[in-house]
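Remarks on the structure that follows.
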């Protein structure tokens, strides 16, 4: 993460504050910052979402675009299911050191984290539905995330934005019929119905998980750490929880200290509690975001979602 | 000095801080002394001139016999080779710290004002060091991002070995001159007092 | 049609290349009748072999000998690690030393297809995991402005999560051998969930079949978990149970490690 | 002056010319000549020069990359300004250092203020293989500027070191011929840079081209060329 | 795509516009909060997001110029921007050309002498690509620079123009731009004195026709200038309201 | 990284002062080109151009390849300009990325040759969808003393007109490529010959103008403008990238001047090809 340099006095203030249950921006240790969600601003992509975590207009800002492409099956690949390819890119507007090749290391870390949560079948997406014709053609979902600003809690914002983008994704319908070519062999053929109205959503997008990152500061831990708090964190634990209250992935980060096993089970319990509230909040925001998706006006001014102020 | 040689691995509880002092190779965490390296546990009876606290606590430390790699700390005496010189500073590759070899050379610089204690502003780098000289110096600070700051102000610090233009090794004839025995040419250096 | 973009440095291969056809000898189904293919019980670890010492392993590229090195075997997994340091750090900070890790699969080491000599994204990420797992155990404040480098090479791997935990054990042994100050030895162990049963130390076949896998790395003396990674879906109580059994097996691995290290000190390395 | 002899790198030079016989006379070897295991041989291709009395030997070669030597006048361009001096590009491997105090009458309080890009005429003060060269804009013994210092106005162009050396040794007929026709100021640096200044730009351009063309002409052709240029102007 | 299909007999173009009609433009300043200045600019389906930082300390000090600021432009195309997803390599020449054009255009427009030894960074993200990339990048960068409060001689407004069947057409979209027969002229001007900051043209156009194609493009630039002005006023009014109440 | 060697202040001031009086440092008039020497070598498609001290070598070769699937009947024109072996200091190619100048020159020449369809690619088709000629143009820059673009464009056009490809006869599915000495080779069919003319602008608002700037003038100029015209008076490309903004009237004046320049450059190419 872009390293913020804090003086010892500031660090001490934050640590003692957290241990007394009081944080720099007035939040309790388990309160999360306000989230604003917009979908559908990239009309050429099959699904897109912009998620910004942070109150008073300052915060982590992530834009995710989902593009579906048909891929021909090759030997060695799984037979009857599609695949998801994640790719996270940090823009130099987030931090000056991300210019040129500066962001390679953090891109790899975030891409692997996103792939671990959303990539496999533990994400709840029904990959079998993505297969068009077994051993012949299948859908590939390219999830491209662009991190515009880093103000703490990038992992959570990334999963929020990806979940919103996948929920908003529309795949064109595919018609499959068997064609017997001249040598009498029946072969399945498919063609993509290129019609804006006739599109279907992704199966199982509802069961996609949400992630919460717990940062250990001093002896206590906080959720959704701000940039200053992340600079002071000794260890952090990212827990991805699915709507069915299952744990999809756990990953510990942070270089300075490990954490006690007892704290671990406490954190997983709090993660479940928080997850319930997060899913409720997500559905409310997503509903409001899709209202803004601009289906109303005739020529979809999909750009408008950037235009009104957050 | 009673020392039953018990081999300990890092992280082993050795004793309480009330009973022992923690020596090299150990660390203290909430009142307990733990071993921090793989070696033999040794207990050393308190020497006469330890600090004047009332109870004389024996020192507990862990000893390792194979070479331990040293890193430069403030005040340690180093041996290094001059790599480059420019009018303001000489950059030195530090090879030995307090007579322990370094794993790889550390980078240090001797600023022109740290060469000599007296008449600091009359010192000329060209008359003090040349690339290739071996010098003995003292670490005066951890320095900047890349290199440690060294000083050769003491008499026993400075050039200990140098080669003349003609390529033969020279002998110090005064604190600021060295002579090439073969070609009798004299070159100016800031020499270290030879330690008899 | 030869690529029309001119890449000055790389020799472009033939435009079309096809997968070599090979028939893999179908190995035994992992969990046939409840038991495991190689007859181990559910929470039994594979046998561990360790060898530390100056010449255990010497990567060719480095002119000076490593300050510590270790060779570690666990079942079919074989890993070598060389530790250099404390030495001049690139991005050094004056208060604390830094620890840097480099992880590399040997091209022949694993079953899935690998591109030689180009670092895959997973290798970069595992290097980061190893750094974050080992760093809490090293007394970095004893080495201000210096840096400690560990180079890990996987000679043969059998089970992705098992390989990562074996690599952590191997680095711990190498650091102890190098005489670098540690708070404690880090021991790691991995498990996989198969038909709602946790199986410890799974090989590649068992891991492919399982719904979820998890690994824990732990410092027993301070009872601190330095790294925890779970991939796959589980119920919360299953995760707690897994972490519990995994910590116990970490303690067993820790015992093996420290017994070996003590023995290696008694008769100095040959 | 011994007859001019062209030598190639590696040729052995027999120094035992018809000078007086004390064998142990000390030879002084200038640029382009070196002692390689007991023999004096040339290390640069060019014309061999020797000065019998002082037993000096040197080779004049027509190279373009300037190697600073103490005492040589050079024309440099200020590239950057550091705390204790200017970094001046004189066409050598490293940029030269021009200390702030190396000007006539410069004291700690009133130091000269040169902008980046100004052209200076200076003398090489320190030049050794180990450190960056240093130049000065005054004669350090007398403290007088003796013509060194900032060159304002006029035009500067680059030429080969051989031509620059000939221009300085006032052997170049082209300067005398031009001098009789047009009044102009000139500053020649041994680093192959010549500075010319006249009132009208046209004459400056004419002089610059005349000097550049005169490199391979002998004295008579030079005078002829200058005469034609003057009429045409 | 032969010439006839580009313009229908009654003079309508592929996307239904007249010959001298601009695409729908909507733009807004200060969209990103951590950037000193930012702008989101949409022209038809081409969408660009620009962040401006500076004047600030250059990352490697050897590049700092003594007497003026250096401008650094980084232009990257989001993988999902084009219809078929393609990740472009960093050394792609077309990418480098656009960023060097933007850099040189604004070196003439920004009063760099006021900020010596500093660096102004312009990071451009192309979110969606439907022709007129260079044109939208310049307009968006102008808006972001004005939002960042960096002193400039004047706005820089860019517009493209082409020539089909003897009639000059304004503001080419992707289809018109990529068809070889249509000459594609991009011009960027300083609206006050009408001087040309940037002029690029590809594929053939008779020298006599250059005059009126340029005029049409300059007309387009003036229209875009008004749009940018509105966006700046909106942003300024927002700020004023927030400050006053 | 070699820092571009900036001209000194007095060189800059002298050049402007001389330019106001219509004098250039190397004695040329403000609209004159440097001496242009075009040498065609005996092997087809190899031409060297010397414009003053700027020297560019252009080499054209061809081979038979499979066409792009979406354009089965069109041949390919490939193109590569490599400045890295240039003998000019100050080119920062150490960072691996092509330097700004290399991008500018190669994109300009690509635009001149490919976008303006100078070569008739249909004529390069042998068997539609199967085999087409792929013509490859390589530019090597030997010495840089200003105005690489004009020298490169002249070298490219001369090389393309000088190049001959082996003759081909087709019967049914087969295509026979005749050896050079069996049947004399066939020239490429070239629609038109675009030539670049580069102008340099000086002074605070760019009103001092000159043609074919040399290295010193290129470093001191505040703005530059390149116009590409062919013999049918059609503009093939325009490029004014940044620098001080110019009045539109200046652009018109440049077009007129360029028209005359293009004609006599074309004559010089014609002479060189005849020799």
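Chains here go by letter, A, B, C, D, E and F, matching the order in which they are written, and residues are numbered from 1 within each.
The rule is simple: a contact is a pair of C-beta atoms (placed from the backbone, for glycine too) under 8 Å apart; a residue touches a chain by one contact, two chains touch by 3 or more.
By chain, UniProt protein names: A = Ribosomal RNA-processing protein 42; B = S1 motif domain-containing protein; C = 3'-5'-exoribonuclease; D = Ribosomal RNA-processing protein 40; E = Ribosomal RNA-processing protein 41; F = Exosome complex component RRP45.
Nothing here was measured: the structure is a model prediction, and the numbers come from that model.
Comparing mean CA positions across the assembly, the chain most remote from chain D is A. Counting C-beta pairs in contact across A-E and across B-D shows that the higher total falls to A-E.
Chain B and chain C (3'-5'-exoribonuclease) have centres, each the mean of its CA atoms, that are 37 Å apart.
We define each chain's centre as the mean of its Cα atoms; on that basis chain D and chain F are separated by 40 Å. Computed from the mean C-alpha positions, the centre of chain E lies at a distance of 28 Å from the centre of chain F.
Averaged C-alpha coordinates put the centre of chain A at 69 Å from the centre of chain D. Residue positions of chain C (3'-5'-exoribonuclease) with contacts to 2 or more other chains are 219, 222. Residues of chain E found to touch two or more other chains are 90.
Within chain D, contacts with two or more other chains are made by no residue at all. Chain F contributes residues 5-14, 17-18, 21, 23, 25-27 to its touches with chain D in the complex.
Taken in their complex, chain B has these residues touching chain D: 85-87, 125-126, 130-131. By the touch criterion stated above, chain C (3'-5'-exoribonuclease) contacts chain B in their complex at residues 64, 67, 84-88, 92, 94, 139, 142-146, 176-177, 179-185, 219-222, 257-258, 261-262, 265-266, 268.
Interface residues of chain D, counted against chain F in their complex, comprise 77, 79, 89, 115, 117-119, 151-156, 195, 201-202, 204-205, 208-209.
Looking at the complex, you find that chain A touches chain E at residues 41-45, 48, 57-59, 61, 63, 65-67, 69, 87, 89, 91-94, 96-97, 99-101, 142, 144, 146, 148-149, 151, 299, 301, 303-304, 306-307, 309.
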